[in-house]
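Two complexes follow with chain A in common, the first pairing it with chain B and the second with chain C.
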Partner chain A sequence: MGIGQSVLTKPRRPARRRMRGAGARRGILLLLLPLGVALSLGFVLPLVLLFVKSFQTSLGYGQVSGHLTFSAYVTAVTSPLYRTVALNALEIGGIGTVLTLLLSFPLAYFIRFRLRRAQHTILLLIMISLFAGYIVKIYAWTTILGTYGLINTALAQIGLIDHPLSVLLFSKIAVLIVVTYLSIPVSTLILVGAMQNVDRGLIENARDLGAGGIRAVTSVLVPLSSTGIVASLAYGFVVISGDYITPQLVGGTTGQMIGVPISDQFLNIGDQPLGSALSFLMLAVFALVYFGLTRLERFKGV
Partner chain B sequence: MNPLTRLRRRGFGLLHIYVGLLLVFLFLPLVVLIVFSFSSSGQLRFPITGLSLRWYREVFANSTVTDGIVASLTVAAVTGAVVTVIGTMAAMVVNRYPFRGASVVSGVILAPAALPGLVIGIALLNFFGDLHVTLSLLTVTVGHIIYTLPYFYLVLSARLRKFDPMLEEAATDLGAGPVQRFRKVTAPLIAPAIIASAFVVLALSWDEFQITFFTIGDQSTLPLVIWSRARLSIDPSVNAIGTLMVAGSLLVVIFTRRFITESYS
Partner chain C sequence: MRGGLTLGGAALAAPVLAACGSSSGGGGGSSGSIAGTIEFISYVAYDLRFSQMNKWRAAHGIGMKSTYISDQSDVTAKLSSPAGRGLYNLSSYSAQYGPFYKKLGILTPLDLSRVPNYTNSMPFFKSGKIYSEYWNFDGHQWGIPFTWGYDSINYDSAKVKPITKTTDFLQPELNHKFAIADDLLGMILMSAQALGIANPQGLFTKSELSQIVTFLTKMKKNALTIASGFGDIVNLYSSGEIVANISGFPGMQVLVAQKGINSVRSALPEEGSLSYCDTYFIPAGGNDADAVYAFINEALAPPMQAQEAGYLQAGVTTVKGAAAVAAPNRVYVPYNDVTSLFKKAPLFGLPFSPPAGYASFSDWNNAWESVKAS
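Let's turn to the complex of A and B:
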């Protein structure tokens, strides 16, 4: 899909094709108008209204007062109720994202540099896995990790366990397994996209100069595909930490993340300002992580 | 054989084994799902004792699932049409006729992809609530349009950048006006890219859950039907619905494989 590729390269702008004059400008505006309307009404305005709501206070029963205060943010930060789930989201997001990258990178390398004709077949398999259905895939894991699921049955057959392991399902581990599983296809596609621009010969040269296989990859390929690595990490962290469905289906009591209480505030007659404040705090953390990752990439002098 | 080549050959073998294992990991849940969908037992236990189509009969015994399929297809079709039109116009302008502020426009289009579905979902729920709009498949479609636009734009832009602008200039030099030039030169050249991007939108919309969860009214899309069954208890019919969903995605991916894999070569 070229996701990685296109995130990273800015639109090309050859000077001679730049349109000039009032007529051209009117044409551009006209072509962008439908998109502008859709995004302002369907995205920007709802976000602004949600931001405003985070400064209001709940009067109960879904009603809010018009006064603007910081009370929702104070509750969000000070209440111990949300601290555990927020830390869980950071932990699962952090570990899951890094795990996803470590698992996807060799696959992306294999697809890009080791395959020629079979490349398209494997990309196709990854697409099928990607589009097999978010909710379907989470559900399928419950039958693998469950008390009488595939893993427990297999372990019992070999004689490694006497009783089914209950920690496999409804735990933090289960959430980590599922979110990593869900993120691998997108991460792989981003990395393959980023590696498209890397010349096969550069890695071979490094090998000829005496670098071992793994060293050739880490010293040549990693820096050259660093934009894809950062994109994979940033995208993965947002998707994993913001997941509120996986924890509900496989998380039990220990694997809950911040998204669950946020969604609760909006589903039942909850405290909507608190839910809004929590989600903007979450977005602030995402922005910090993204900023940190891009700084890290630049710092490495790539 | 000297040790160096032996090492290199072993490294090569290890990578193959690793990729094989990872593919097993990626497909194991789907295989388990499909196998259980044909199980005759109501218990999701290994090993499977017998085969039957009872879960498929159960799925089609009432209209919940078929209604869900129809709802999902309707939303995907409307989303696909709207996103294709407004997304193509925007991608053409930004990639082909760069103007001051083009990167800002790009950034705004991509912004929804940088947010978790949860935040877009609650923002829309809150917005529709403030406007007293009743939730329905229409509000679901609004969410899907916002969600899929960035991906459509990314996939199409990646392809448009490979397009040779000289071809259009040649058409102009040969006397074609703007309309004729678009119809005879630009449109045929970018049509495959637009179709590929549109199918990505269909696949994403068909699968979308996190935003739909907040914008759904009385009619459920297929993923929401699965959720309502999977959440409450162990319901083996979910395996059959899931298998149907996987089959749907499989068809779309296979149908568009030519367009999709082309963007990687």
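Let's turn to the complex of A and C:
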């Protein structure tokens, strides 16, 4: 090695350290291997198979031909039927996501900055709530929102209504209430996680410098926890827009979303290519929304 | 074909099943070594896992592994794919699927000498036009019908005057007070009956299918909800959200009664309705035929049929079996006048390969999807 070369190249680490670094990398790779295999087999591979299926041709009744075409995508895009329910899903997804954030952000703030000893207990309780059955939770809401449910009974007893409010259940509003409720626990956990890295002192400093409570939160806490906010929005949007059980149980005749026809293509109609194409189009929309949200985060300079 | 019905019915009926005694082979019990494993694929409950049948299987060393489906298309997809061949040795098809499955090469011709109890079937299930269209054609027997029923309308007689017609569901008196079942066949064919355009072949022109969609869309606008399953409808009755439903089945009055409401009644619509009949078959390439034949034969034995009626909340197919059905389970089908029922509620053909100009079964599916999304 010449003198010039030794000057131009980066100083090399001692051999032992290098070996230790390589060993550590191998160790990390080994630790990640099970997850990698599980993700490849349980997520990537099915996704690839589904993607291939979306280009196959349905012969009806669950049968497909290997001939690859865009026909499923053409049907998915041109059919007014799927456009209507997709837009409905995006609308409910959008509103539900914002509602989820508006409700879970203050809760996360309260847990992170107001609770001290009870913080872990509350977080544990939120996590335990996730173990309750999804459908059980939805059914629980039918007893709250129903014609003879908790809300209507209470309103009638205090004399505010003469007849039960029919709009509470089997409507778009009912879907919004339930999907928002279902998304709040995970969204809160994401936000609390993001707020853990925010120094309480920064908010206090802002208050000392004259900022009101809301100003301190919007100027300091929101930018510093924006990654969590974006993650919460992305999570909420995907989960809510793709829901196909809630609309069926509480959506009535007006709350249909794209998840229902997608599920029908697989479970009832047997047109797997169309179901796959609809799924991938929704996936593309989700990816675009996620991309938009991350750009928004960068645009804010955080 | 009536997956939702079976799911809802069997799941809710199971807890009230009476204790089962020992079975007998009826007209021809199984003998000799029939041990083996039944690899079953069909709707939940069609594997007849009630205690009397379980005891019979245990006594004969017959194991059972079940794969449950949500729709007949699952059977079509699984058995017609090369990977699915030979994996299953017992399945069921909704009667109308017989010729279609034969064309796909899914079916095995059956040896009726190994199902002696079949000779005890009611005439409708072992002779006549429907028999030779769906179960015995091209010179072979392909399936053994074992359960059947018809689509009804149901209403709470304590809250609403009797509902006797499908068109009643368009009336303002029922506005937002009834549920429509997410039942493609039931809703399309009952609407066709109401519009007077139904025919036994199940053939509709595209324009007739549009009429059906318009009719159903009007009905949907008058409905409270499209319920995802019959169990859901039962809950809606018990919570007081609905006073009626379409389509349904007579067993729903029993299911709602189990929730404390005894006033729900069933009616066969005046305009007519539709029937269904599910049929055991042995998929091509299946093993352990002895065990499978013995199971099918046992399913037709009178004591088993008596249990099946309550377990599946549906009709049974043999004469002696029907006679053995207990009184509470006789409400599901009119055993005393089977022929008239099938006239009023035919076992409609399904347009898998319709003549040019007629709507296909896929078109029906799309039509129902458009109603749901409208």
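Rule of thumb we're sticking to: the second predicted complex is superposed on the first by the 260 of 302 C-alpha atoms of A that agree within 3 Å, B and C clash if a C-alpha of one lies under 4 Å from a C-alpha of the other, contacts with A are read in each partner's own complex, and residues count from 1 in each chain.
Keep this in mind: a residue touches a chain if its C-beta (ideal position, glycine included) is under 8 Å from a C-beta of that chain, and two chains touch if they have at least 3 such contacts.
Since this is a predicted model, take the numbers as computed values, not measurements.
K.L.:
For A:Asn268, select first, second, both or neither according to whether it touches chain B, chain C, the two together, or no partner.
P.N.:
second
K.L.:
So, A:Thr78: does it touch chain B (first), chain C (second), both, or neither?
P.N.:
It touches nothing on chain B or chain C.
K.L.:
According to the stated criteria, A:Tyr148 is in contact with first (chain B), second (chain C), both, or neither; which is it?
P.N.:
Once the two structures are laid over each other on A, A:Tyr148 reaches both partners.
K.L.:
In the superposed arrangement, does A:Phe110 touch chain B (first), chain C (second), both or neither?
P.N.:
Only chain B; A:Phe110 stays clear of chain C.
K.L.:
Can A:Gln256 be said to touch chain B (first), chain C (second), both, or neither?
P.N.:
Second partner only, chain C.
K.L.:
Does the superposition put A:Phe170 against chain B (first), chain C (second), both, or neither?
P.N.:
Second partner only, chain C.
K.L.:
Look at A:Ser65 in the shared chain and tell me whether it touches chain B only, chain C only, both, or neither; answer first, second, both or neither.
P.N.:
After superposing on A, A:Ser65 lies clear of both chain B and chain C.
K.L.:
Between chain B and chain C, which makes contact with more of the residues in chain A?
P.N.:
B
K.L.:
Which residues form the common part of the chain A surface touched by chain B and by chain C?
P.N.:
Common interface on chain A, chain B vs chain C: 139, 142-143, 146, 148, 248-249, 267, 272.
K.L.:
Please output the residues of chain C touching chain A within their complex, sorted ascending.
P.N.:
For chain C paired with chain A, touching residues are 70-71, 73-74, 76-78, 80, 100, 104, 176, 182, 184, 220-221, 223-226, 228, 232, 235, 239-241, 352, 360-362, 365-366, 369-370, 372-374.
K.L.:
Would you tell me which residues of chain A are touching chain C in their complex?
P.N.:
Contacts found on chain A: 60-63, 81-82, 84-85, 139, 142-143, 146-148, 166, 169-170, 248-249, 251-253, 256, 260-261, 264, 267-272.
K.L.:
Show me the residue ranges of chain A that touch chain B in the complex, using the header's touch definition.
P.N.:
Listed in rising order, the residues are 1-3, 5-7, 9-14, 17-19, 24-25, 28, 31-32, 34-35, 38-39, 42-47, 49-50, 53, 103, 106-107, 109-110, 114, 119-120, 122-129, 131-137, 139-144, 146, 148-150, 153-154, 181, 184-185, 192-193, 196, 212-214, 234-235, 238-239, 241-245, 248-249, 259, 262-263, 266-267, 272, 275-276, 279, 282-283, 286, 290.
K.L.:
Along chain B, where are the residues that touch chain A in the complex?
P.N.:
Spelled out, the residues of chain B in touch with chain A are 7-8, 11, 15-16, 18-19, 22-23, 25-30, 32-33, 36, 43-47, 82, 85-87, 89-90, 92-99, 102-103, 105-106, 108-127, 130, 142-143, 145-146, 149, 151, 154-155, 157-159, 161, 165, 200, 203-204, 206-210, 213-214, 223, 226-227, 230-231, 238-239, 241-242, 245-246, 249-250, 252-254, 257, 260-261, 263-264.
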